[in-house]
Amino acid sequence: MRKLLIANRGEIAVRIIRACREMGISPVAVYSECDRTAPHVRMSDEAYAIGPSAPGESYLRIDRLIDAAKRSGADAVHPGYGFLAENEHFASAVRDAGLTFVGPTPDAIATMGNKTAARAAAIRAGVPVVPGSEAALDANVPDAEIATLAASVGYPLLVKAVAGGGGKGMRTVTDPADLAGAVRAARSEAATAFGDAAVYFERRLVRPRHVEVQLLGDTHGTVLPLVERECSIQRRHQKVVEETPSPVVSPALRASMASAAAAVAKAVGYTNAGTIEFLLDENGRFYFLEMNTRLQVEHPITEMVTGLDLVRWQIRIARGEKIDLDPVLLLAPRGHAIECRVYAEDPDNGFLPSPGRITCLRTPSGPGIRDDSAAAAGLDVPIFYDPLISKLIAWAEDRPLAIARMRRALDEYLVAGIKTTVPFFAWLLAQPEFIDGRFHTAFLDDVLAARNGRPFAETTAETEEIAAIAAAIHTALSAPSTGDGQTAAGAPARWKTEARLESLRGL
Amino acid sequence: MRKLLIANRGEIAVRIIRACREMGISPVAVYSECDRTAPHVRMSDEAYAIGPSAPGESYLRIDRLIDAAKRSGADAVHPGYGFLAENEHFASAVRDAGLTFVGPTPDAIATMGNKTAARAAAIRAGVPVVPGSEAALDANVPDAEIATLAASVGYPLLVKAVAGGGGKGMRTVTDPADLAGAVRAARSEAATAFGDAAVYFERRLVRPRHVEVQLLGDTHGTVLPLVERECSIQRRHQKVVEETPSPVVSPALRASMASAAAAVAKAVGYTNAGTIEFLLDENGRFYFLEMNTRLQVEHPITEMVTGLDLVRWQIRIARGEKIDLDPVLLLAPRGHAIECRVYAEDPDNGFLPSPGRITCLRTPSGPGIRDDSAAAAGLDVPIFYDPLISKLIAWAEDRPLAIARMRRALDEYLVAGIKTTVPFFAWLLAQPEFIDGRFHTAFLDDVLAARNGRPFAETTAETEEIAAIAAAIHTALSAPSTGDGQTAAGAPARWKTEARLESLRGL
Amino acid sequence: MHYEIEIAGRLRQVAVTRTGDGFAVAVDGRLRQVNATRIDAQRWSLVVSAESKSDMPARVSYDVVTTPGPVGGALTVHVGSIPISVVVNGRRRWRRRDEGAGSGPQRVAAPMPGKVVRVLVAPGETVRARQPLVVVEAMKMENELRAGRAGTVSEVHVREGVSVDAGALLIVIQ
Amino acid sequence: MHYEIEIAGRLRQVAVTRTGDGFAVAVDGRLRQVNATRIDAQRWSLVVSAESKSDMPARVSYDVVTTPGPVGGALTVHVGSIPISVVVNGRRRWRRRDEGAGSGPQRVAAPMPGKVVRVLVAPGETVRARQPLVVVEAMKMENELRAGRAGTVSEVHVREGVSVDAGALLIVIQ
């Protein structure tokens, strides 16, 4: 592999560029209109425009991506995560163009992309799945049959889209009377979101945790599972904080989840990096949930405690290399790692997206801190894509120290110009339930509902006084009358600190 | 410990602030005139002005530091490295003021600060020292006696200042005829630099390596040595690149150096973090060189491979806590770490200092990279202090991967406005001798002399063409005729990308 | 110079005077000595000391970033990493977005371009404060727009499935 | 627009013309299509393509930072992290500091404030190119100032132990 086209943007494109540089591979970027000056474009060796800003006209256009790969002379394509990373047609198109796809086979992607097929694969591998209906319910199954099936699964249950993901096409039903309506709603949502109205049932577990197992499979038949990640801190089914190891997984449970994960992956001949997601109930029983057939957003925490470079391994596996790692060490995490997904959202306004220009950025650094980011002062967070601006990762010798380190890093993290979830994380990491590891997948939504919109960035009398002082001095020194100032709401103008300080002597 | 005054500046003050934050201790900064806006001032809870910019009038003023500590109500003082870190009078003054000194006792500092006393301590501990004279030669020892002593040590030898450090008051003598002159020169230099003209002799080893052992000692009698650091890459006796583990130290040699280091530390009742420096000859024999009774600049690489937070341990030890670490793990490094000391120096002009304003800064990030820095765009590197602007640290699974990662990080590292040693490191890390680990303490001076000033940042036809294109476009878009531009050599003025690009349509 | 500064709904009287090495700043009559150094157009380093030691330790250091807010006179002041909304001399023009108080119709507009995926209220319906009104999908997320305060829905300008621009009027509540 | 641009001692003729989505730039007659986007006052992103594929791959991306140099018309252009000294339309005024060539007296000045710790030459002494002349201690390091080219020392303006300001004349070599 000599030249790799990265069919993605943002921090994950930057992450893959770094792996390329360290391996002597030339990275090729693609970009939509609004991404012309994005870091992944500026850090790559070559860069190809692939269309307008809307993802459907650029990052999701298989034809344009293949065309860019061919024009650049790339011999491989890395899909990152999101966009086309779990699209078997893209994987096929890359192969058909004679290029190496850094990921699993189109067959493995297709199987695991279908939730009922994935469940069937897990059952074949002898791995427990969440109790539920085994076949997809398409639109012409009669209501009575649906009700019987639901009763056999048991209430409360979830109606889930077969092609689902990200909580779309999903409904909780507690009362059998609501079943028919919920199925209709889920089907309609699924049809809109995925073009496939099929749904199925899963029993809703009580306070489950989301625990997942990263694994690597090579093309020589080796599948190695790695230490689990705890991803139960979710907002509306989207992970916001991940950590490894899980505070509740014992070495014995780790070994048993790891071999279950490997069994599922082997059952579909899985290659490259992938993740088996499980639900873990309060009694320590785990159930296969689904498989992500790509690099995960949260892969860095696994890198921190295992020392592996997962992107490097993806590329090595795609080149046909054998995995030569010690399986025992992969399940023996060193220390503890936590990731906070920093989003351009306003946590004090219902987590509404907050796109716009970052006017000032101070990123944390120092011992145990890693910031995987594609943000920079002066750059815009576009409205078209996932508002993830940075993944802040803290490692330390144990979980309490990792939490202390992450809180220190969040204090250092300053993003001005847009709102971010940094104040939310500073709040969350101080909650007793988080500190004690007492949480489940609905924990965050429950406490957010209970807070009822109280602001996360709580001010004190001291910080308010300082803000008042700073605002007064800022306004005094920025007054138009100095002849050298900035307008009250405008952008900074011709600027000299010395001159401005001089001018104030006349106040 | 509730509040800690940091009697230092720059990256090490920032490093200590971070440890304080993670431990819930309030950090107090001090600053000289030119450091008013330095990061350590802005990141601390409180900040006290201690005098003019010259170190002798501020950071070296024991009275002002103690005064600031008292005014702030601090209960402890951390000296960092450099300045007063190895000054027993400062340690005593801190104690006398009723404050905790985060470091060893004044006695241990005094003993190890005297090179002949330190050698005597090592000999008492049964640790080999570089063959040499055991007593200090003061000014009234007759020349004949000096010549006899020198002959018994053997040529080539080094004349070294008893109070020495950093290569000052040091002369190499190969020919006995040069002895008297070298002793005179070294004495005069030592008297000027340290106020102490005493010198002694050491045999000069052939192509030795500088290998040092970090250790921690608590106030309960435990001394634990850690994996060695290889610090042979030096320019004029100043370390510029450090790594751990050493590419030439076997586990058996590691164990034997570690116990020798612990024996020396125990011999002087050493507490807190310290480092025993050894010379390692080509036959694998090692000799005690000196002890640094403080945190080392290069401590982060040890943190990367052991997982320990050494500043945290310094504070814990100063609080009287017991070290409860597994001695075996401390000598079992995980992976490999390298540090490059990025200096504000012009490597293409004899490494002359290059103070001034950093106009643009892009620091590396991503997997395995840590940047311990106090640099920021818009800030000045003052002329008064050590020109270290950042310690760039790379960790990876093994040495070749760590080198690849460091080279990737150096490629990402951009500092504009001043010159730095980044291009020098990019060159050094590509040298076959470095890659193979074939070097000794004179290696770098030898290859620098052989290069005879050839520039490190070698341009290619491609980069020169791009520079020409960029300069032409920059000049075209910055022409005064646009009415909105910047003068050829001046600072950026009122600035709007869109307006400027619009204006060019008329070109 | 004298300013009226509003933070978190409370108005402060702030007077700034230049002194030898900085500023004397009185906040509601309480005097602080402030050594303020500007780093760049947005960033400040403040070292603040109180007249007496009683209410604030000596020489407290703050890293502050001031950025313009959405309306004239509004600033976002970051003290450390905490963003604080500040209005200078503008109390008559300004109103906190999520404050329960207030009168007149509430006009709920799209804060970003996106697609309306659910309309949760109909004209004539009464709504509680913070009740979800419309779900807009943008930046790959579904975002609930909520009522600022209780009232009755008087106008619904969108239906499910339509795309809206930033600022488009969606719902009016009386 | 046409510029004479000197890099590493070689002069290039550079012509810049605005095109549809960028610039056509001819460097010594070789044409490049350049999509140049300014990030801020100093930073540029260039995506460069050649007329033919033969001498440069299509759509090469460069991150470039331009900072003013010490004299008018001089720039430091960082291509990636490599700093390159560039002079625009200024070849007559400009001379590389460490170039062996040149004529007239060499005036060796202190590049930074510091203390002279050693004077290694005396008036009348002949020196080789790059021979150390004076050692100045500054920023805690001893720094050797060297001869730019061979010659004879005509003036020595400092002695050991004195402090010097930046720019102070130390040695003149004929």
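In order of appearance the chains are A, B, C and D, and numbering begins at 1 in each one.
Following the convention adopted for this analysis, contacts are C-beta pairs under 8 Å (C-beta built on N, C-alpha and C of every residue); 3 or more make two chains touch, one makes a residue touch a chain.
Because the structure is predicted, anything quoted here is derived from the model rather than measured.
Visitor: Quick check: more C-beta contact pairs at A-D or at B-D?
Guide: So, comparing the two chain pairs, more contacts are at B-D.
Visitor: Farthest chain from chain B, going by the mean of C-alpha atoms per chain?
Guide: Most remote chain from chain B, centroid-wise, comes out as C.
Visitor: So how far apart, in whole Å, are chain A and chain D when each is placed at the average of its C-alpha atoms?
Guide: Those two chain centres are 46 Å apart.
Visitor: In angstrom, rounded to a whole number, how far apart do the mean CA points of chain A and chain C lie?
Guide: 29
Visitor: So what's the Cα centroid distance for chain A and chain B, whole Å?
Guide: Roughly 39 Å separates the two chain centres.
Visitor: Got the chain B residues that touch at least 2 other chains?
Guide: Touching at least two other chains: 43, 411-412, 493.
Visitor: Provide the list of chain D residues touching at least two other chains, using ranges where the numbers run on.
Guide: As it turns out, chain D has residues touching two or more other chains at 37, 39-40, 62-63.
Visitor: Which chain B residues qualify as touching chain C in the complex?
Guide: 29, 36-37, 41-48, 71-73, 378-379
Visitor: Going by the contact rule at the top, pick out the chain B residues touching chain D in the complex.
Guide: 82, 236, 238, 344-345, 348-353, 355, 359-360, 383-387, 410-414, 416-417, 419, 422-423, 426, 452-453, 457, 459, 462-477, 486, 488-490, 492-493, 495, 497, 500-501, 504-505, 507
Visitor: What part of chain D is in contact with chain A in the complex they form?
Guide: These residues of chain D touch chain A: 35, 37, 39-40, 45, 47, 57-63.
Visitor: Within the complex, which stretch of chain C touches chain A?
Guide: 1, 3, 5, 7-8, 10, 12, 14, 16-18, 23, 25, 27, 32, 34, 36, 38-44, 46, 48, 56, 62-69, 71-84, 86, 88, 97-98, 111-113, 130, 138-146
Visitor: Per the contact definition, I'd like the list of chain B residues that touch chain A in the complex.
Guide: 14-15, 18-19, 21-24, 43, 300, 303, 307-309, 334-335, 363, 365-373, 396-397, 401, 404-405, 407-408, 411-412, 491, 493-494
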